[in-house]
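Chain lettering (A, B, C, D, E and F) follows the sequence in which the chains are written, and residue indices restart at 1 in each chain.
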Amino acid sequence: MTEQVQLVPNNSLITKTPEEGRQLAVKMARLIIKITQPSAEMREKMRPAYAEDPAMLIAVGQTVATEFATIAAANNYWR
Amino acid sequence: MTEQVQLVPNNSLITKTPEEGRQLAVKMARLIIKITQPSAEMREKMRPAYAEDPAMLIAVGQTVATEFATIAAANNYWR
Amino acid sequence: MTEQVQLVPNNSLITKTPEEGRQLAVKMARLIIKITQPSAEMREKMRPAYAEDPAMLIAVGQTVATEFATIAAANNYWR
Amino acid sequence: MTEQVQLVPNNSLITKTPEEGRQLAVKMARLIIKITQPSAEMREKMRPAYAEDPAMLIAVGQTVATEFATIAAANNYWR
Amino acid sequence: MTEQVQLVPNNSLITKTPEEGRQLAVKMARLIIKITQPSAEMREKMRPAYAEDPAMLIAVGQTVATEFATIAAANNYWR
Amino acid sequence: MTEQVQLVPNNSLITKTPEEGRQLAVKMARLIIKITQPSAEMREKMRPAYAEDPAMLIAVGQTVATEFATIAAANNYWR
């Protein structure tokens, strides 16, 4: 399990806009999956399970929501 | 998986009222599902699974609750 | 899926007491289920699944706990 | 589904000690189960499922942890 | 279900170090399991299910993470 | 179940960068699994279940997100 993968793109939680913050949340969630399953082939094989199983779609959403909470706080909610 | 979808409507977490904040939470939760499963046809096919399976209904509620926590904090709870 | 349902009763997170805040958390959790499954008949049919399956009872509790965390913060914990 | 049940014992999140705060978290989690399944007989029947299924024991723990987070914040962590 | 069990060791969330705070999180998570399933024999019987089922290992981790968030905040993150 | 394992590497939540904070979150999540299942052989045997089951990959991600929220707050979000 390689830790070489960059887990936080740009090594910063600060983004210009909520939209960019949300995209960062999605990327950070995916990067954890990447280091847990480093094989691109395996991840590709599992993609249908993610995208076609409603329970997993919801679970992905829950994880992104949690990541986004942190990023939003970091950016003082872009107020 | 296209990132072209706007993930944060109006690119802002600020809303006039709690009600609008809650609707934003629902939309943001759905938009994550949309980018994870970009096919409208597939999403339509899965809708019954969401709406008729109590476990999934509850899971949707959990995700919305998490999104709403962030939006409510962003709006200083509309105090 | 109609958004006409009022998602935040009284359009406010502020309540007089913790007890009222807790009731609001329960209501808000249920209203998300209502907009995800708008058919009252379908919801009625699913009620036994909620109320007789311990895993779902616990999951409902988890969602209410998350909603309540937001409401309690909004009310400065009724200190 | 009766809302007559008192959902927040003593109608307050403030407790003298962390121990009492933890007991309150346990009680509040149980009271949500009580209003979702008002029949004492049904709840009694389900008790083994809670207490003998490791997955449910862990899920109960997750819910209590979430309730406790709110109560601890309300009490300024009894610092 | 006895409430006699001490749910918060030392009746305090304050610890000298992050390491001790983490150990407290683990203990508090286990104590909830203990009051939900008071029989030591039953808990012992379930231990393999915890320790040999990856899904449960992850769920235990999620609960500890939530308890630790509260303890870390209580200690002002040992900054 | 030995508590000898160091649960918080360097006994600190403070890191120089978000990237290091994220790596700490991953490590702390894994260390909880380690003390719950102390046998390296058993953990090795379970690794495919983690890495090849999409539901577990997502669950790992959820736990890391929760740990990271605490670490990010501890570091004042590296602002």
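Throughout what follows, a residue touches a chain if its C-beta (ideal position, glycine included) is under 8 Å from a C-beta of that chain, and two chains touch if they have at least 3 such contacts.
These numbers were taken from a predicted model, which means no experiment stands behind them.
The chains touching chain C as well as chain F do not exist; no chain touches both. Because chain B and chain C carry the same sequence, their contact can be compared by residue number, and under half of the numbers here are used by both. Superposition on CA atoms relates chain D and chain E by a rotation of 60 degrees, given as a multiple of 5. Inter-chain centre distance (chain B to chain E, centres taken as mean C-alpha positions): 32 Å.
Here the spacing of chain A and chain F, counted between their Cα centres, is 16 Å. Averaging Cα coordinates per chain places chain A and chain C 27 Å apart. Within chain D, contacts with two or more other chains are made by residues 50, 55, 59-60, 62, 66, 69, 73.
Chain contact topology: the protein chains form a single closed ring, every chain touching exactly two others.
Around the closed ring of chain contacts, the path that opens at chain D and continues to chain E reads D, E, F, A, B, C. Of all the residues in chain A, the ones that touch chain F in their complex are 3, 6-8, 11-14, 28-29, 32-33, 35-37, 42, 46, 49-50, 53, 55-56, 59-60, 62-63, 66-67, 69-70, 73-74.
Residues 17-19, 21-23, 26, 50-52, 54-55, 57-62, 64-66, 68-69, 72-73, 77-79 of chain C touch chain D in their complex.
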